[in-house]
Amino acid sequence: MFSHPLGDGAELRLLEERHAAELFALADRNRARLRQWLAWVDGNTDPAHTAAYIRRSLAAFAQGGAAACGIWVDGAIAGAIDHHDLNASNRSVSIGYWLSEELQGRGLMTRAVRAMCARAFGELGLNRVEIRVAVGNAKSRAIPHRLGFREEGTLRQILWLYDHFVDEVVYGMLAGEWSMGQSTTR
Amino acid sequence: MFSHPLGDGAELRLLEERHAAELFALADRNRARLRQWLAWVDGNTDPAHTAAYIRRSLAAFAQGGAAACGIWVDGAIAGAIDHHDLNASNRSVSIGYWLSEELQGRGLMTRAVRAMCARAFGELGLNRVEIRVAVGNAKSRAIPHRLGFREEGTLRQILWLYDHFVDEVVYGMLAGEWSMGQSTTR
Amino acid sequence: MFSHPLGDGAELRLLEERHAAELFALADRNRARLRQWLAWVDGNTDPAHTAAYIRRSLAAFAQGGAAACGIWVDGAIAGAIDHHDLNASNRSVSIGYWLSEELQGRGLMTRAVRAMCARAFGELGLNRVEIRVAVGNAKSRAIPHRLGFREEGTLRQILWLYDHFVDEVVYGMLAGEWSMGQSTTR
Amino acid sequence: MFSHPLGDGAELRLLEERHAAELFALADRNRARLRQWLAWVDGNTDPAHTAAYIRRSLAAFAQGGAAACGIWVDGAIAGAIDHHDLNASNRSVSIGYWLSEELQGRGLMTRAVRAMCARAFGELGLNRVEIRVAVGNAKSRAIPHRLGFREEGTLRQILWLYDHFVDEVVYGMLAGEWSMGQSTTR
Amino acid sequence: MFSHPLGDGAELRLLEERHAAELFALADRNRARLRQWLAWVDGNTDPAHTAAYIRRSLAAFAQGGAAACGIWVDGAIAGAIDHHDLNASNRSVSIGYWLSEELQGRGLMTRAVRAMCARAFGELGLNRVEIRVAVGNAKSRAIPHRLGFREEGTLRQILWLYDHFVDEVVYGMLAGEWSMGQSTTR
Amino acid sequence: MFSHPLGDGAELRLLEERHAAELFALADRNRARLRQWLAWVDGNTDPAHTAAYIRRSLAAFAQGGAAACGIWVDGAIAGAIDHHDLNASNRSVSIGYWLSEELQGRGLMTRAVRAMCARAFGELGLNRVEIRVAVGNAKSRAIPHRLGFREEGTLRQILWLYDHFVDEVVYGMLAGEWSMGQSTTR
């Protein structure tokens, strides 16, 4: 019922537990590709795991600020994006996301990340948004790049990916940069 | 960020804790009128009380189905409506609501209740929606009446209102009746 | 050890977990008849389920007012009766009950309900006692009728009974009515 | 409502939170005498403290076996007795008790302890009942003595009593001894 | 990392969950002997049970004072000793212990108990240390005896040991006695 | 009782709640200097706050791996160091530390950090140790530098320090680098 329009028939909706089956099926179809860069994929082998993720996210939402959203395109789930690790003292939050393969290339995730930045800097009044991406995940790295995030460093062997460690690039955007960027270009 | 349009610049949004101050101020302005029929008004003397109500409601939302919404009109909170006492075994839920005085008479609450019925029977797949209103609260009773709810009985002295008991009328709507009503008239 | 005499060798005792096996066996023998009207019967397939019910009830008793009792006749459990959904603000409580078939027809349950009404209006100082019975359950409906409860309405499809919904009649008794009834007739 | 007769107008009742005010008042009147031997007296300065004790005891009762009872004489609280530290593996429990001064000398507490022993060895099927009394508390020591408990040792400085340590005598009764004693004398 | 030297290559370390496998294996090798006197042995059939004991002990340590330690000799676990049932009001604590068979006869456990007494009376500022040993466990009884504990009584049938009850001797040591003993002999 | 020697009369001890008063007093004396770079100082205005920090740390220790230690020099607390944010999946942990002014310049903290690295890579078997220091905190930055940590990036405005944001440098050390460094130089 509650949604945020992204244009072109796409919208963000807060994930509820009843969406678990459909979201799991989507992740399952994209399993081989997603597990290359995301550490939760191999452990997500049953809709109950997706339901548990949604419950945890809703509990965090209920305590303030965090939010796990589905991206719906023409009425079907196409991916997910979230606000996690919200730190109220330091006024910062992190964004994570993934998209089904057949919907890539339309700028959908760029619009979704932009909407989540607007939520962070606008509604939530935060000062810093962070995105971490594995060094080799070129497609995901393109998004913060395109939106003007600054590359701040590379944390070595920070993530265990089933059988090897990967390094992650940290991208940061500050409230002042965001509002300036919004007034200039868009 | 997440909302449901009600038309004419009105929309429902899931209440989050950061809305507590504005919602409390609205209830406070309508205090004298609201306390005639609602048992929570006298205990709601500080934004922290409203925040606690929102937190409890979000916790129930996180566990599935219940939902406390604000009604926004032209960007300002104008009232509230919720799904509470959701019973998954019996597939039933209750609706409660109140509206600021100056916005009454435009059919706003009728549209809000209709949206919450659509959520209950549609998204949530429930079978029964219940509304309880104090016998003497004519304005509130008009709404289930207008939407075709059936009056099912009067529970005597069921609610303690600060210094006296009041009787409440129980209104019920079933899934079959709702879908028929939607296809015929509206 | 703690009991309340009902006359003729019958007594109420607060249920403790060690009674679970005997109470389960009784419910199991009456299964076919009880499941016609009670929604918990099909899920109660093991003494552990009965033990869990008793534990929950004792926890509610410990928090004030609610109470699940066994009805003992000549030293053996013959049925159960409880105070549940105690609402301290509105000073109301509900009563539920069931009796083994071979002990029906002696007025046993009428005496048990009367004792629980006395507890509610006397010891607990409540204002309203409610009994809900499925419309078609004639034997159970006879009891509030006989004790002078008022029929206040019929909630449609309020209870899911394994494969169909049933309507329930709501009976209410107020403190004033009870004390008057006690002084007049009994 | 739930009680166990002790004869001569006396009875045991499970303590409920609504008894807190009356029980506190009784302990308060007996304060100077009780604090000579009991470590909880100085900290029990408000009915809320008594209520908290009752709540904790009811929670233990709900989990099985422990029980805090009031001793009522002619409808008024006269003292308290409990089963505490119930150990299900070792099948043992402890008894503690105190009585208002004006009711002493009638054998009331001896009957109450006997009833609690009967509950322990009978209903609860335990094997050992223990009573600990401060060495110098002659009146309290007389009770296990009279009932045939065996004196098993003296634990030195086991209890801190506001400003000094006291030694406690441990009395024990075993199931076999109890059933033999019951069949012989009474 | 954190340890307390006992001399001769022996040391006490606070047990952490990662020690569970090694500690379980040791108890398992000593099973036949340990189960003669200790009630937890038969239930400890998997490293997970040992891990659960360590977790519970660490939780008690975190709340103040209790402590479960391993005794390491030349880098391998040789036994265990703990502070349990710490009572802050009465300033008392109990000590329990067991040692692998091949390491007995070197005075190792006497040194470990002495260290735990020093912790109790020194760091923790307690007044009473208690050790309970089954009457027939001569080797274990020798230790408090050797350290000057006083034998205070025998609690009959206080412990259920799989298929029979055993009596336990209670040994007590007071702060005053300890400091005197330390200054005189050692 | 449990400690780890650092040489020259210095040692690490796991912090227990009874150390709270002494640790608070030390932090209080160093308040003006510490608050320049640490965000918890202004909120730590009472020994109870320090006690709460210790309790939280012990709870994390009890759940595995994290540890808050005091640095004792000649029997008095001189500073603190901890393992926090232990991530078992990614096998990483963070180190934080502070030292009283008069003890600086002796290499004490370098030895303490080295001991905590040894615990992380040795006992805990982790793969990555991270230290974050505010950009302008030259003394603290010298320590990971000296121990061979790699500077991996600068997270902008990541920390709110009472009235302004500060950037933090992230230093990382990997297990392979550590073991190589240990075998070469020291």
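Going by the order they are written in, the chains are A, B, C, D, E and F; count residues from 1 in each one.
The definition used in the following text is that a residue touches a chain if its C-beta (ideal position, glycine included) is under 8 Å from a C-beta of that chain, and two chains touch if they have at least 3 such contacts.
Note that the structure is a prediction, hence the values are computed from the model and not measured.
Trainee: Among the remaining chains, which ones contact both chain E and chain F?
Mentor: Joint contacts: the list comes back empty.
Trainee: So which chain is farthest from chain B, going by the mean of the CA atoms in each chain?
Mentor: That would be chain E.
Trainee: Where centres are the averaged C-alpha coordinates, which chain has the largest centre distance to chain A?
Mentor: It is D.
Trainee: Would you mind working out whether chain B and chain C touch using mostly the same residue numbers, over half shared, or mostly different ones?
Mentor: Copies use mostly the same positions to touch.
Trainee: Could you please state the distance in Å, as a whole number, between where the Cα atoms of chain C are centred and where those of chain D are centred?
Mentor: Whole-Å distance between the two chain centres: 33.
Trainee: What is the distance, in whole Å, between the centres of chain B and chain E, each centre taken as the mean of its C-alpha atoms?
Mentor: 61
Trainee: Show the residues in chain F shared as contacts by 2 or more other chains, in ascending order.
Mentor: In chain F, nothing touches at least two other chains.
Trainee: Indicate which of the five shapes (line, ring, star, complete, other) describes how the chains touch one another.
Mentor: Its topology is that of a ring.
Trainee: Chain B touches which residues of chain A in the complex?
Mentor: Where chain A meets chain B, its residues are 1-4, 12-14, 16-18, 55, 58-59, 61-64, 67, 115, 118-119, 123-124.
Trainee: If we count contacts the way the header does, which residues on chain F are in touch with chain A in the complex?
Mentor: These residues of chain F touch chain A: 39, 89-92, 127-128, 130, 150, 152-160, 165, 170, 172, 174.
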